Amino acid sequence: MIVILKSGVASDSPEYRQVLDYLGNQANIKPRIHHVTGTLQTVTEIYLIGDTASLNKSDVESLPGVERVVRVSEEYRIIGRHRDDHRPVGFEYNGVRFDQDSLHVFAGLCAVDTREHVELMLRALQENGQVCTRMGAYKPRTNPYAFQGHGKSCLPWVFELAGKYGIKVLAMEITHDSQVDEIAAALEQTGRPTGVMLQIGTRNTQNFELLKIVGRQREFPVLFKRGFGITLEESLNAAEYLASEGNRNIVFALRGMKTNMGDPHRNFVDFAHVPVVKRLTRLPVCIDPSHAVGSRERSPDGILDVFHVTAQGVIAGANMILVDFHPAPAKALVDGPQALTLDELPRYLEDIAIAREAYEKRRALVTKSRKG
Amino acid sequence: MIVILKSGVASDSPEYRQVLDYLGNQANIKPRIHHVTGTLQTVTEIYLIGDTASLNKSDVESLPGVERVVRVSEEYRIIGRHRDDHRPVGFEYNGVRFDQDSLHVFAGLCAVDTREHVELMLRALQENGQVCTRMGAYKPRTNPYAFQGHGKSCLPWVFELAGKYGIKVLAMEITHDSQVDEIAAALEQTGRPTGVMLQIGTRNTQNFELLKIVGRQREFPVLFKRGFGITLEESLNAAEYLASEGNRNIVFALRGMKTNMGDPHRNFVDFAHVPVVKRLTRLPVCIDPSHAVGSRERSPDGILDVFHVTAQGVIAGANMILVDFHPAPAKALVDGPQALTLDELPRYLEDIAIAREAYEKRRALVTKSRKG
Amino acid sequence: MIVILKSGVASDSPEYRQVLDYLGNQANIKPRIHHVTGTLQTVTEIYLIGDTASLNKSDVESLPGVERVVRVSEEYRIIGRHRDDHRPVGFEYNGVRFDQDSLHVFAGLCAVDTREHVELMLRALQENGQVCTRMGAYKPRTNPYAFQGHGKSCLPWVFELAGKYGIKVLAMEITHDSQVDEIAAALEQTGRPTGVMLQIGTRNTQNFELLKIVGRQREFPVLFKRGFGITLEESLNAAEYLASEGNRNIVFALRGMKTNMGDPHRNFVDFAHVPVVKRLTRLPVCIDPSHAVGSRERSPDGILDVFHVTAQGVIAGANMILVDFHPAPAKALVDGPQALTLDELPRYLEDIAIAREAYEKRRALVTKSRKG
Amino acid sequence: MIVILKSGVASDSPEYRQVLDYLGNQANIKPRIHHVTGTLQTVTEIYLIGDTASLNKSDVESLPGVERVVRVSEEYRIIGRHRDDHRPVGFEYNGVRFDQDSLHVFAGLCAVDTREHVELMLRALQENGQVCTRMGAYKPRTNPYAFQGHGKSCLPWVFELAGKYGIKVLAMEITHDSQVDEIAAALEQTGRPTGVMLQIGTRNTQNFELLKIVGRQREFPVLFKRGFGITLEESLNAAEYLASEGNRNIVFALRGMKTNMGDPHRNFVDFAHVPVVKRLTRLPVCIDPSHAVGSRERSPDGILDVFHVTAQGVIAGANMILVDFHPAPAKALVDGPQALTLDELPRYLEDIAIAREAYEKRRALVTKSRKG
């Protein structure tokens, strides 16, 4: 159960006190308070954990400071989309809006390698009007003897270059909480030339300690990848760890599931879940076509599978695309075979635009039919 | 290895004899002959099974009656798309063309129940300009005590009604070879008012005896559904059974895979494989959004998941859509909860048209860039 | 709901009539009658299908001819083991008893190839005191161009040889209902030198038409293999098809599930389900270690994986073992690499005896503790 | 490739220098040095990473200080069992020997709750002659609002009680590297009354940063659980992270795989992989029957499934059993429904003894047949 207070109710007001006293007197119920800061106002939400079935909704709603009460049926209380739930969706970070209506492309290098490659990539993005990118400094690899990423040493020059080419948000995977501090320090040191979205990879989807620590910081939004061997519900519960610690600026990413039923693709593409995640949660939904497909195969119509599955995600309403490019895929240290090349970038963006236009037409069709 | 004869080479000609003699003298090789009848001519293809590695391609190509020789790398030799393979794709049946470029919607009843429902369905299709439908008379059910379909008794009136409303092709699942005869008899008896595409369901994907018998008849084309617990390669090998017995008029259908990773959808939607099947084979590719999704849930944009995954299949080049409609889903005997209603038909078709238009724009983009 | 009649109640008696009349007057309920023939008497069971929730159990039990009533909670009514269900378990065929306490080894050839190999195999079995075997004449193969078995032509000499070497029950896979007749004819022609257990393979687990036809005959018992891409419940429902048509002489076989999580074994060994199937049903449970493991790898203790998983099945109470042997695995036409050799047969049987002895000690331990 | 130096070769000797110089001069090869401390001597192993195919094995073996050279084919070089690989297997910790021949039962509480329950558990273990246990202080839970374990606060009294009841090794899951320090500090503070085996749970199997940090410490051995959504090979590669950082005192635990094919068990029991892991690696293999089965269901023979799958693991050579007990399962805060009760402990141990005896007989059978 979520108790949403009226917007004017400050935490030192008598109404606020009265609500908390009331809830504090309920047996087997523990209130957990969240302050949600919007552009115009701050709203207080009180999450009740425990035996809420015995609570009378009307009783709580009749308390002076209470705006309304939402019964939550799902286990993911904060990120969930509940019945009669009109809480806000999405967030803004460094001037870029992320919600269930927006669409942003995060093209970039799976793993930072040379300064030259990074600069070629960023320049191409700027030339194509892009303000977001992906750049990996910390790489979790299946084999301990494989290249593990340049780590913190590359952060300063990567951030400076990103700023130079107008990047507003750079998605970067982290694999340990100490890396959050390293990223914050490097941003501070370089004068904050860009913004960073912390990415939690599929191998850490249920690394709950990492999620708690990342959830406690509010500086960076989080790109949370679905776990590849668990159910969607379990992945959403894991994302709730972030939110339950305070950070709600989360994007949920689909990246394919690990099963040989998806062969010859590297993973079983799961973008049919784009509308599902939008229905179950209030999170913007990202797709990762590169890791899902894992190759540069194309169908007889001449279109790469990576393009096809991107279009599939977009026409169903995806809000963000995380995609591997590389100026010289053959030289890439990680996942070269699946990377798109810089000369394919304009056409990729055009292909996305076609799919997005189709999505918008489809949505207009529904709106029209509802009015009609 | 496939030896394709020149179009003028008749089976009683000396060239024909010479080729067969030559191949017959090779150790450990067994020739299998297929006559492929096109609109203008008949071509003879000789499939060589066994130890073809020792055969010299040039030697065979130098024989008088031989047009060219194709080395096949995949196990599905006939349906496969091999390197330098310019064999024809697709087929025409009862005036309707099925290939990797066409798109047909087969909306209809999962299971035939009452005459009234069938007629309401067919009338709606005619009003919306459709000439294809799906109608199930034989239903394989998980539970032996569930409704198993009306069987052959309904065939005459179903076919007559189909003819009355201008249906050219009606897809109908069969679960035993005796049903092919029942269908043929009912069509004969009613004066062939419509055409039938025999559907092999996912539970019979590896029912090889059924495939052989269906493959031996040439009257009806076959809609072959992917097996839900096997790899794509195994399903394609199973489809090859049909072709190896002589019937190449096959459409390959994706219908979702059985794994709880696809929850809350009934099956894990696999339409990212649309371009894959088009690349690996020369078969038109069908999608079955109803069984894949299995519910009428919709995302916050107001669009049903069934619509979303249909659009995903179409924007990636799907050639056929098998979809459940019902005039009164609550009264449907099978799979009612996932059925679309008749008043949703026009919007569904419009939604498909948007996705198809997007696919065509995407293809034009590739063509342009290749020329540029 | 199952209504079990008193043993003396004949189908032309007034009690019988009264029960059927009573049940026939219930709305939305359809009775289905089974006559279960035991060694001493025949029992009539009436299965009620439909809305049985409204039926009063005591009312039915108070009818003159009724012995007792069992409410069934599961969908597999006949093969299921229900609460307070004391119906008999198992059956006898050709002098061999199959139930949840017995243990029989069916060692033999996956596929019949030469007369010499068959005879070598059978002689080894006789020398080791075995009266059961497996011999495949009809082989379903993933690839249409692979060897499909000798079919009916080999049946007469295979049956004669089986009889010569004292085989009582020979398990043989069938893939089409016509093969039941072929087998019956060959047995007839050769003077019934042996018995045959019809095997339904994993690719036909949901080939419901085949199950219905096999279920209608009572001559041969059925070895029913679990489907490799469906849940256990779905496989049990499929087995119920056999029983619902009248044939309850069924053995349920575990043969491993198809998923790469089981690598490097060919299939994911599922013998932990031995006690589960014994709990959910009244069927004897068979294990197929050869197809589950699919190789001749051994652990550092020198024991083959095939031996290890056999022991795992037996120590948990398996009732039958289907296992591939071959006098010359390198020459086997099907599944040679996984076959055991004839000289391994005595040690394999000894290994099984050790595991079986352990199972019996474990069972005695439980019995003792219950009494104590 | 692994270069194993002669036992007398110190790291400041000329032979040592010569070998390193030689290897250092090879292009594209990076040596990584491990000192393996045994009871009698220390051996130096040099792992060569990179393009070792070009290296001549004989050349390296002819260097003065080199004992022998092992070519490694698998990616898990240190934990792997390679051809002609006679490196030692297993380790001793706090007086308890862990290798591929030993067998230890770690019965205990999934999650520490009250002091009373812990003491009841430990007393029962002592009464039954056990010196190992499991006790969870840090619990990773799917839902962020579920009980997360008592954490470090309970460590001192848990360790003291363990010591009081003669526990030598206590397995305890950790979910963050800071917990290693907390455990070390609590042991230090309480005077090391017991030993701790750090457990890496299935959700952290690919939490590579945690593995690296745990691998760098040598104080505690590690119980490494297989990941439930990845292949066995990927899990073994992850275990190699521990070893590659220096800690080879690893036990590899099978705990069931996550797929609905294992229903009605909580996970798909994977104990057929016991001999596989013993073949692929030199690690002792643990089984976790409680989490694999997840219920207290029993088969008609009266034996619990947890007992059955334990026996299956043991008869195939398992070396360790991690199993949930609880004095009052209904009051357990985590996984109560699957826990065994204290009065079942003697019979559980007796059941294990029967299976172990069977395993030893099976091994003797193989040894005899090899000599014969």
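Each chain carries a letter (A, B, C and D) given by its place in the written order, and its residues are counted from 1.
Operating definition for what follows: a contact is a pair of C-beta atoms (placed from the backbone, for glycine too) under 8 Å apart; a residue touches a chain by one contact, two chains touch by 3 or more.
On a predicted model such as this, the values are computed, not experimentally measured, just so you know.
Participant: Which chains does chain A share as contact partners with chain D?
Facilitator: B, C
Participant: Looking at CA centres, what chain is most distant from chain C?
Facilitator: A
Participant: Where the CA atoms of chain B average out and where those of chain C average out, how many Å apart are those spots?
Facilitator: That gives a centre separation of 35 Å.
Participant: When the C-alpha atoms of chain C and chain D are each averaged to a single point, how far apart are the two points in Å?
Facilitator: That pair's centroid distance is 39 Å.
Participant: At what distance in angstrom does the C-alpha mean of chain C lie from that of chain A?
Facilitator: From the centre of chain A to the centre of chain C is 51 Å.
Participant: Could you list the positions in chain B whose residues touch two or more of the other chains?
Facilitator: Chain B, residues with two or more chain partners: 259-260.
Participant: Could you pull out which chain A residues touch chain D in their complex?
Facilitator: Its residues touching chain D are 49, 75, 77, 140-145, 175-176, 203-204, 206-210, 227-230, 234, 237-238, 240-241, 244-245, 258.
Participant: Would you pull the chain A residues touching chain B in the complex into a rising list?
Facilitator: Checking each residue of chain A against chain B gives 81, 100, 231-233, 257, 259-265, 268-276, 278-279, 292-293, 297-303, 305, 307-309, 311-313, 315-317, 347, 350-351, 354-355, 357-358, 361-363, 365-367, 369-370.
Participant: Okay, in this complex, where on chain C does chain A touch?
Facilitator: It comes out as residues 259-260.
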